[in-house]
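Both complexes shown next keep chain A, but they swap its partner, so chain B is in the first and chain C is in the second.
Then we have the complex of A and B:
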């Protein structure tokens, strides 16, 4: 089992969130959007200019910047 | 939702507060994480357990179609060309389609003003014709462009593309301290800054939105083009296209520099995050689009309309009592450092505040007595002794200084602050003077 930060995933790679680091309003927003420990995520794609990224969680598509995704750790399956 | 706390505030009571601190550090030592995260995790754990037990999910077909569309629309190579093509489409739709409507409104008011000017006494006829009819006309002429633009924007928003456009452009905009959602309003500024500033409503973070509004006037709108064309044709025969293009480029560079500077010095603080949903594509409904369009268009008519109207009447009054030439003469010396210190130039700049294309018409009236443009540029060169360098400095001034009264009105409306409105007027005036002076003074060293 490999643990990576979410921004390091390649498109199509899936995994389970093991930890969400961070503080403040962005962190709260990420949690509010359902990105919490134990959730399955799938990397969808990176934006044409290389940032932000799009992931699939809980059946919907979510975008976030790499900077924000680097605080989220995923156990790659 | 953003400000909603996962944990309540620390209790004021002393013994409770101690117990609070202890359990926080206990949680931290056991889970090695912030209490906020632990509570949220537990909540979501409970929710997903419950959902697992009680809910059966059908496969969502719309999501799969959306996936397929996104594979093309957000493609690494196609994403940006497609975005630019869609933007170009919005432009064409808005500004080409509104052209005839604007001409009709313009002609209609001209037709009304004719007989009205004949009403006696003369001052009253002039007030009705030039002041009131002219004023209402100046407001209404913007209506087609605003309503059409909002139809286009509503379609983009309701279909789900606007969120994707922000996704495509965010990196570029984030680098200068703005947000992905700032890009579309900036591009729309090339058409008209009024609807462009209204389009900043799609930006959630108030600071990102404010800076996008403040720098938007640097995007060279369609009304400035006649000014460029007049002088480029007269003074830069061989390089007309290049000279006009340089004005647009100068505006873009200034907008980027100013956005960066304002974000660093004036409107500091965190830029908006980009944690947002990409909604599945939907077919926009006509009712939805019309409601969106009407809600936004109405605001322009009511609020901006009243401000524009009062400014037009004020300028009419100044003109009627013969105060414009003395004012022009009083202001003119300020611009001698930029080469165009003649009172006629100052008067056209004052009129340019009504609408930028009026600069051309005013020169026409001052020098030929009619608003006829044939050879006007060369007449100005001859009468005022302007060189190509001075013409270029004047073009730069026209680009930068106070956008126009409609933009001023809309900045007031959208920022809801006279302070920021005053700031836009102030910084554009000072910056215009600085850039024009620099062009003239540095250019003089080489010619």
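Then we have the complex of A and C:
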């Protein structure tokens, strides 16, 4: 089983969130949006310059900065 | 004389709150198909079944933390103005994310109605929602709507009146956070019960917010006389 940070996923790659690092308001907002341990995510697409990225989580698409995504760890399936 | 009730419309951005508001009040608020259209609360009124109903359209929020202005406006209104009924407008085609706010509203101890909007969208995505079972599980009335075709509005009005009158009971669900968290919540609740804030807010909600280190709530405790002791939770 490979664990990668979310920003390292290629589009179409899926996995399960194993850890969400960070603190403060951005961390809280990310959790509020359903990005929590145990949740399935799928990388949708990456902007032309590599930032931001769009993921699919809990049935909807969420756009994250690359830096925010780098704090989210995913067990790639 | 007609009886007065206040109903607040809450919900995620772009879940159709303003459309529901317009259906209820026959107002013509601008409705845009993008999130963040309502940044301030708007008030309208309507009457139904011998009631004058003030309808307050709150900004769309995903959560009720105190991090953004929209969330603070929505939360303060619910907490301080204590509307008789809160209607959470939920996008039926995106239940899982939307119900997070519903849980937060229930923890605040409000009389909640869930309005399942965009039922047509949910159906076109082949979702089958058992409205009765959902209502039983969450412990609140659930009213299906297709707001942009004005379907379900009269049922929603009737449910609002029924809840305000106490004809329909809102039990609410109590989310179990597991043994460790529950133990700390119970301790905090016991301390909070002796605090004047407990008369205005649900003690369990205050306890949860303290564990989350919610700055607004910590501030409230510090403002209350004798609150220093209870705010030192860590």
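The criterion applied here is as follows: the second predicted complex is superposed on the first by the 77 of 77 C-alpha atoms of A that agree within 3 Å, B and C clash if a C-alpha of one lies under 4 Å from a C-alpha of the other, contacts with A are read in each partner's own complex, and residues count from 1 in each chain.
FYI, a residue touches a chain if its C-beta (ideal position, glycine included) is under 8 Å from a C-beta of that chain, and two chains touch if they have at least 3 such contacts.
Computed from a predicted model, the values in this text were never measured in an experiment.
Colleague: Could you tell me if A:3 is touching chain B, chain C, both of them or neither one (first, second, both, neither)?
Modeller: neither
Colleague: May I ask you to decide whether A:59 touches chain B, chain C, both, or neither, giving the answer as first, second, both or neither?
Modeller: After superposing on A, A:59 lies in contact with both chain B and chain C.
Colleague: Can A:51 be said to touch chain B (first), chain C (second), both, or neither?
Modeller: first
Colleague: For chain A, which side has the bigger count of touched residues, chain B or chain C?
Modeller: Looking at chain B versus chain C, the one contacting more residues of chain A is B.
Colleague: Does chain B (first) or chain C (second) touch A:19, or do both, or does neither?
Modeller: Only chain B is touched by A:19; chain C is not.
Colleague: Based on the superposed arrangement, let me know which partner A:27 touches: chain B (first), chain C (second), both, or neither?
Modeller: Only chain B; A:27 stays clear of chain C.
Colleague: For chain A, give the residues common to its interface with chain B and its interface with chain C.
Modeller: On chain A, the overlap between the chain B and chain C contacts is residues 25, 28-29, 32-34, 59-60.
Colleague: So in the complex, the part of chain B that touches chain A is made up of which residues?
Modeller: Residues 1-6, 33-34, 36-37, 40-41, 44-45, 48, 57, 60, 63, 66, 70, 74-77, 79-80, 163, 167-172, 174, 180, 270, 273-278, 280 of chain B touch chain A in their complex.
Colleague: If we count contacts the way the header does, which residues on chain A are in touch with chain C in the complex?
Modeller: So the residues of chain A in touch with chain C come to 25, 28-29, 32-34, 58-60.
Colleague: Name, in rising order, each residue of chain A that touches chain B in their complex.
Modeller: Chain A residues touching chain B: 19-21, 23, 25-34, 36-39, 44-52, 54, 59-65, 68.
Colleague: Enumerate the contact residues on chain C facing chain A in the complex.
Modeller: 62-63, 65, 67, 94, 96-97, 100
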